[in-house]
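Each of the next two complexes has chain A plus one other chain: chain B in the first, chain C in the second.
On to the complex of A and B.
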């Protein structure tokens, strides 16, 4: 088991190198240089060259990439923003909790609603308790998160004035973004839980449990649910990671100073270190979450555990 | 003998259509989708494009009327014309990006599953691509290439390549081990012919279902890109960028914010319904 975990952790290193190189290369192909954007149209060529030199932008591409990676690996230093000249590491640490909180609250909401309702619809298949939630989920799963966010904003802060429309200072500020991002996710989760549960109920061991006279309640909660939940755990992890990146529209809509807005602003101002830092951090987090889920998966599924127990070190 | 083969070939597609027809919600989705296709691809041929761009500041935020069926926007442009042209844009981006993504991702997936040597290389590269959230990937590519229609299509197509590649690889892996592939190989059939004649037809169902589902995801990505100002640029109408513009006038003209969103939600719902229906029709064992 330890060997499996170790192997998976080590495998993250080439992935992060690959992503960092890819993004660095993409951003370097973008036309324009940071100095001319910072100094504006009136700047002389000399001033632009001078500033580009100070920013280290006049070095060849591979050298810049090498310096960048070296600073992160040896000093955990993500460099300075071209725009504000402030250390990126500080900005990342300030923005990370906001992105994380938004994604965490949304996935929590999605689990609280999606999984129980998904189980209910599967158990009560072909009754009104199945069709009604399924139709609602079908609609919610198709809503663009930023549009649902706009509707919530319109209803709850413009018309009713209950929730603030922007900012991230208190927990109340996170309620609307959480609903906007979390409800479509809850619908997706419900649909997934439903099909996972239905598939499990059809298995032979469920028929065995029923035929040996186990009460229906026990069959559902003990035999079916335990097995149906295993694939759901994976989806929760993968979707949590995806939510952190897909929160772009929601963050823009509610002016939440998260990592996505940092990337969007960075791209607009050609602030390569900002974009790099935020992208790398998000990617690292996503990989980490997926890794954690895979490990949990291996622990809760005895079949997978048995596969690796031979190499327990 | 020949008769029997012909009979079977016909029944393949017919049988799927017969099962698809029995699924009421899928048929509803298909009909609604057809209506929207006509509205967004045929009706705009009858409306001059000038209605989309012609501004009339005096006439801004006009309520719905005979002349302007859905009213006018903040520049006094006809909202209905913009909705229809915008839908054409959003859907075209989705279709084209899905096709591109399927061609590239699907070919990579096939190569990976068919040739053991290529498998490791291709799948590790795909792992790198897949570890970035798709919207961020699309954002980075658009920022490098510049925000225009072609580049937005390329960007969101690339962001979905990992998904297509993995799906096709998994589907093909389930087939290459079958005995009939071995038989074809033993008979000296070329790899290309095995792939196109024996492997592809057998995983076509999975590919069609996945593509249908992915078109709606790609449309949502395209709309989010436009919404944050990194996609299709105004004044060209696109549902996402129309929503982005409408956001400023949410208080005075909420209708402008409702309509494009309803458009996106309808198309994605319809595509999901069709996708679910196709999945059940192709493989009744999976029916839920």
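On to the complex of A and C.
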């Protein structure tokens, strides 16, 4: 098991290299340069060249990439933002908790609602307890996040004044963003749980359990749930990682200073180190979460555990 | 088979005019079409027929394990120890399942829960039917006992199904069924998924267990050899009907009259003591269960079929315990029309 985890962690190295090279190349080969954006329209070519030189942007692409990677590997230094001249590492550390908290709360909400309701709809298939939640879920899944976010803002902070509309200072600030991001996710989770559960309760071993005289509740909770959860765990893990990098609309709407806004602003201002830093951090987190999911698998499914340890045990 | 007039033995199972359909939005599959048979306490009946004859559907109906939404019991009754399974409440059903009636399922690869240890899966039915108030240690003791009985070292009870071979898994499936020493055991093709050497072992084991515990057995199979080895009664099933029922003697005695389908079944088995160039398979396929023939269900494939076979459903003709559902039997000496069968509302 430990060997497997180590192998997977080592496997992250080529992934990070690949992602960093791709993003770096895209940023470098798209038209424009940071200095002309920072200095604006009125700047002279001389001033632009001067600033680009200061930022190190006048060097050839491969050389810049090499320096960037070397600094990270040798000094764990992600460089300075072209615009603010502040170290990227500090900014990442300030923004990560916000993105993390938002994604975590949203996925938690999604699990708390999506999984139990998904199980209910599967067990009560074709009854009102199936159709009603399904319709509600379809509505939430179809709503664009930004629109739902605006509705929530309008209702709860503008009209009712219960929750603040922007900022990230207290946990109360996270309630609306959590709802805006988490409810559509809960809908997806519910649909997924439903289909996974439906497939599981049609398996032969469920019939075996019934043939032993097991009551329905035991059949569902003891025999079906653990099997149905296996694909759900994957979705929870991947979606959690995705929500951290996917929350642009929500972050912008509620003025949450998270990683997504950092990437968006970075792209707009050609701030290569900002975009690179946030992207690499998200990539690493994503890989770690997927690894975590795979480890959790082993505790649910003994077949996978046996595969990891490479033995029959 | 015990005839209606005298009942020398107590009946374990009585199936009366059982009719099962699978209903979907598009079509109705007539899987079991009014079958009746009974099984004495301690007796063994073999349910024989080709794939799709409705054997497994019958077995699932006996335990009321048909797929809830699609599988419907339209008619008939199933009496277990004299009480109706069909009229039982869910709670009564749970008490019956596992303890009074248990089933060995066909496919050992899918019938076991992959995420539970085999020990847990075997102890479950003991735990669920723990009227004697066994302690956890006693339950584990019983699990060890059952595992020993089916020839699996008890130390392996902490292992998961994927760690066992097909034959071993079938033993686990049998152990689950036997854990509570049921009064009636339904074995649904228990050896189909196994290779021949293991088949013999598993059959021997089922026989031994039956003899030791006095369990009544419904053996479902398409293999007449297995029937000859294990059963004292035989019911031949075709397209959801029983075309011939009788004691093993009646059925296996080639001197007797038989249903053409039964003859066809025997014609397709190789015999060691006869010189036959080619086996004679039954031509054609089983009729589509969504659109059954008008007359005798076997008539499209039957070499002996006459005009009336295509038009009228055959009656059942009885001689002692031997029952045959075929038109040609009306002219055979000693066989009389079964009166009770006439009342059965035939479908159509």
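Rule of thumb we're sticking to: the second predicted complex is superposed on the first by the 309 of 313 C-alpha atoms of A that agree within 3 Å, B and C clash if a C-alpha of one lies under 4 Å from a C-alpha of the other, contacts with A are read in each partner's own complex, and residues count from 1 in each chain.
By our rule, contacts are C-beta pairs under 8 Å (C-beta built on N, C-alpha and C of every residue); 3 or more make two chains touch, one makes a residue touch a chain.
Owing to the predicted nature of the structure, the values given are computational and were not obtained by experimental measurement.
Trainee: Answer with clash or fit: chain B and chain C placed together on chain A by superposition.
Mentor: Taken together on chain A, chain C would fit alongside chain B, as the superposition shows.
Trainee: In the overlay, answer first, second, both or neither for which of chain B and chain C A:93 touches.
Mentor: neither
Trainee: Have a look at where A:209 lands relative to chain B and chain C in the superposition and call it first, second, both or neither.
Mentor: Only chain C is touched by A:209; chain B is not.
Trainee: Is A:223 contacted by the first partner chain B, the second partner chain C, both or neither?
Mentor: So A:223 only meets chain C here.
Trainee: Examine A:146 and indicate which partner it touches, taking first as chain B and second as chain C; both and neither are also allowed.
Mentor: Touch partner of A:146: chain B, not chain C.
Trainee: Mind telling me which of the two, chain B or chain C, contacts the most residues of chain A?
Mentor: It is B that touches the greater number of chain A residues.
Trainee: Mind checking the angle chain B, chain A, chain C on Cα centres after superposing, to the nearest 10 degrees?
Mentor: Seen from the centre of chain A, the opening angle is 70 degrees.
Trainee: With both complexes overlaid on chain A, does A:267 touch chain B (first), chain C (second), both or neither?
Mentor: A:267: touches chain B, not chain C.
Trainee: Looking at the overlay, what does A:306 touch: chain B (first), chain C (second), both, or neither?
Mentor: The answer is second: A:306 touches chain C but not chain B.
Trainee: Which holds for A:126: it touches chain B only (first), chain C only (second), both, or neither?
Mentor: Touch status of A:126: second partner only.
Trainee: Quick check on the superposed model: minimum Cα to Cα separation from chain B to chain C, whole Å please.
Mentor: It is 8 Å, taken between the nearest C-alpha atoms.
Trainee: Is there a shared patch on chain A that both chain B and chain C touch, and which residues make it up?
Mentor: Shared contact residues on chain A: none.
Trainee: Which stretch or stretches of chain B touch chain A in the complex?
Mentor: Touch residues, chain B against chain A: 124-125, 127-129, 131-136, 139-141, 143-144, 146, 216, 220, 223-224, 227-230, 240, 243, 247, 250-251, 254, 257, 261, 264-265, 268-269, 272-273, 288.
Trainee: Which positions of chain C touch chain A when the two form their complex?
Mentor: Residues of chain C touching chain A: 60, 63, 65, 67, 69, 90, 93-99, 102-103, 105, 107, 110-116, 121, 124-125, 128-129, 159-160, 162-163, 173, 176-177.
Trainee: Which residues of chain A touch chain C in the complex?
Mentor: Against chain C, chain A makes touches at 125-126, 202-205, 207-216, 222-223, 226-227, 300-303, 306, 312.
Trainee: In the complex of these two chains, what residues of chain A are touching chain B?
Mentor: Going through chain A, the ones touching chain B are 14-15, 18-19, 22-23, 26-27, 29-31, 138-139, 141-147, 150-151, 153-154, 158, 194-195, 198-199, 241-242, 244-246, 248-249, 252-253, 260, 263-264, 267, 275, 279, 282-283, 286-287, 290.
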